[in-house]
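So the structure is just underneath, and the comments pick up after that.
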């Protein structure tokens, strides 16, 4: 981890890692004996579910809990549903784990064979919502947005991560093909791709509008790309989609191309594992594979009180269980030793101003945190620019009082939304 | 209309009664108040300035007027038969006005003594001007034509350490007394002759 | 009857003691509590005005038209304030000098008008007198207590009446002057309020 | 002109009505928890105090002193101020509703505010001329507003910090006010 | 591995390593040159006062935490800094009970009542010194404090001498003497060079905000120069002001206290400049010989009002498309 420099007159500068060229390819991982799917809807015991334990599922079958529900998952294998479990995320949002036992002997790809692979947005919304790379079709199809620009994040958004760069260099052709398919589906005027300005690996990016991003964090975050390269500053509380821009992963385009090329669904996700020493491993794992399988595959040892982080060091999520499955938008898994974990505190803000110096969005974090602590969310938004925060996590990184500022802010935004919805 | 009338009547009556009552109270307390003012503000200072007065300067007080300036003076006859007069002058100190009672020998125009009467200086700092006589005793024996400014301002008076502002106020009062004395001396002499 | 009278009287002594419970009448509380004596003097003067204005207002409450009620209350209060002013000038002149402008300002002391409006304008003479006396004594107690704290720390003495202290800490003590200065008044009152909150919590 | 300037500076800073003269403390503590409220109160006081200062001066010089009934000063001043506040309230309500909405709730508070009555009495006690009384009223009011706004700024932050329970609210407000009074002694002797 | 307890904490998972302890440790380190010099010059009593001030401040912190049943937070060393600064501002002959009363006021009235760390709107040490100054001015009088000492320089506190005797005393104090600590004053406030070195160390380490220091010194120099140019006979020259009294300690260590100073650039400049300006105003036309303490408290007071001048947050004021 990067340390405060001895002389710290100027603000700290965190730089993105460039593609780790020692890893030429992603190692395929065998389908494990049990898969877990994450369905973002909670089980309602009052309603009769469409699926249940013991049901046989086919590869690519669309699994929904109820007739009227929108969220669905696609089964990556043919097999049998073993059971359900409930899962809750950061802010208490509930979801459901669906456990599936693969049945290698079953011939289960009829579901897709029966379906005509239409190249339309309607089809994609209904059937391609869970492809590796998680292409946000429902957003693209949302009539509230008028998406005209697609930005492919060829430059990874978080530190240490290089999955996106890897995908761009290893699967450049398929990415370009995917982009053509996507362009045909939606009315996008242009497809851009962010590329680190110092990237040495030559990638063929014909047909893309190339945006060279600087190597200083957080210049690859959507809000910064919007501001620096698209000339559109997001007003507080809005997302890129409000401005007609949608950010997608390169891998989503690759998956799109592979599906239409082969006529079959694909479920193998490229994942970078970063171990405690910072060494990277590249793997292709089936969606639904528990993280523990990937870890044991590379002999990464996890001890009591270590951390397993999904994503990068600045914006990732620590998971409480190594059974958590690979999901379509999981690019990086990072393991952190308990000894390097920075201690956080419940101290009050001491007004040192470090966060002010570093915040790329000019958020007055020192005052904001006081209002968040007092649960004054509306005031925090009106007077202290809660919604201008682009969630880069830098304030937390430098906070001298070691307040979990980033988390306070995310929670604050969440509470603000709840407040406004209830109003 | 009735309501309006009753409002006016009640207010008027109330105000009138109040005015009458207050007028009566004022009338009854006036002499007592005047006596109190003299007793607490002036008498102690005058007693200290003229410890050997053979008359009662307070009782013999008189107002002298010249050129529209009126001054209350306290004439005294000292034990050696000399005639003297005391009056009060004001300067501005640290916390507000500082009153200085100045006692003068009429024949020699020399100061007999001065005392601080009223002040609102900080206790222990500026208030030493009243309590600790080493400062005001500098004035005793000086002629009324001497320079009563502080040494810092080119005069003869040593400021109290840590309370230059108060010292300045007292010096200001003494200078004001000089001006008053110069202007009113003939009237004072006339008054005392009576 | 007697019981409720006692209640009207005692509520001013703790439950609604000004200025701690009702944060009103702060100016005299802060300004004149350099010594216990000043505090008591101010308190007694205010009590006098409170009791007599309460009595008179409750007597006249049926005659006074409600639209001009505040004006009438003010005239009555101001009259008693002026009487107190003259009396103090005549008989306790030194105290009068120390309390200065705060004697005429009793007229705008929120407590006095507050009691007139909240109590005397709606009740009969005797309870109104009890209310005024209770509040007045409560106010006096508060001022005396704050005065005691400030004087004891800030001057090392306690002066209840007549200028000479009834108690002195001793010659070794160097007074903590801050407490009798203006800022000490605010902080002294703030800390006393904290103490009352602590007692109240228990 | 220079003297008036000195008078104004002295009334705003050195003899600040709140922090040096102890007048107007109830609204000082009551309306300082929020900056907006503090500013409203500050403006209301400027408005009323200037008018009250002028009118009471006229009443004192041309009525009370002329008729030799100075003992009615307290009674007449308080009546004048109460009437003035009523009148200002009615006038603003009718003719400048915007300002009225801004000041509205603070106006009645001002009647029972020591600062207004106090300054009127000080004007007389110091034997100011009409112009001096006008300047002093305005400057005292500005000093009141300044102290109030400074206090509100600090208090908004103090309210958000982890003040121990028994000290919360008025108690810590008074402690803060005390420290501000201490700080204001910096202006002593400057004119 | 399957049942291993993992730590679920929140992003970011990296930290710069900065901490309050680091900050305060560095503060103490930066104070060392001036404090050591004070000990050499004023001897064992100075060492006694510094130790007592530092330890008693920490003790008050512990006592208050125990009384109010809060977590004891002396490990962040904040109270040690408050105490040491207090010790450095007072004379070496200050009686022990005055020292512990002073640190009590500083820690309790300056910090504890406002909710402890980060809550204090004013510099706690200055609150302590200001209240002490108002209560027991005699113990802070540097002229009388050192009567039993033999110095080979003018044993008059420069600013007090200037106030009471006018500019004629200036010839007794050379700029070099003031800078090298050849003057009487607080234990750690006389050695200008040491304070400057410590202060610059802190700035370079990023533990103080240079904008405040620079604007503060600029405020002093500009204001003092204006006075001096207009009336060279009445007012002291700018460098005399800069190197005498608490000025340097104020600029490098007191005005920059985190909790009571602004964090945005323009407010920092205004804040610092106003502080320097007020010091000179007090010295030249006010009643106090040194104005540093109250001037800094005054800018602490206006800090919340000016620290709202800040760069526009990202997207603020941008209209929706």
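When the chains are written out, they are named A, B, C, D and E in that same order, and each has its own residue count from 1.
To be clear about the criterion, a contact is a pair of C-beta atoms (placed from the backbone, for glycine too) under 8 Å apart; a residue touches a chain by one contact, two chains touch by 3 or more.
Because the structure is predicted, anything quoted here is derived from the model rather than measured.
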| item | value |
| --- | --- |
| Set of chains adjacent to subunit A and to subunit B | D, E |
| Chain closest to the middle [Cα centroid of all protein chains] | E |
| Farthest-lying chain, centroid of Cα atoms versus that of subunit B | A |
| Gap in Å, rounded to a whole number, between the CA centres of subunit E and subunit B | 46 |
| Length of the line joining the C-alpha centres of subunit A and subunit C, rounded to whole Å | 68 |
| Whole-Å separation of chain centres (CA-atom averages), subunit A against subunit D | 59 |
| Subunit D and subunit E, separation of their C-alpha mean positions in angstrom | 34 |
| Overlap residues in subunit D, where contacts from two or more other chains coincide | 71-72, 75, 157, 161-162, 167, 172, 175, 179, 182, 185, 188-189 |
| Touching two or more other chains - residue numbers and ranges from subunit A | 348 |
| Subunit B residues counted as touching two or more neighbouring chains | 15, 18, 22, 25-26, 94, 165 |
| Chain-to-chain touches, reported pairwise for every pair that qualifies | A-D, A-E, B-C, B-D, B-E, C-D, C-E, D-E |
| Subunit A contact footprint on subunit E (complex, rising order) | 1-2, 4-20, 22-23, 73, 76, 115-119, 203-207, 209-210, 258-261, 263-264, 310-321 |
| Complex contact set, residues of subunit B against subunit C | 3, 6-7, 10-11, 14-15, 18, 21-22, 25-26, 29, 32-33, 36-37, 39-40, 118, 122-124 |
| Complex contact set, residues of subunit E against subunit D | 68, 109, 112-116, 118-119, 121-122, 127, 130-131, 134, 278, 281-282, 285-288, 291, 294-295, 297-298, 300-305 |
| Subunit D to subunit C touching residues, read off their complex | 19-26, 28-30, 71-75, 78-79, 82-83, 111-114, 116-118, 121-122, 125, 165-167, 170-175, 177-179, 181-182, 185 |
| Subunit C-facing residues of subunit E, complex | 101, 109, 131-132, 134-136 |
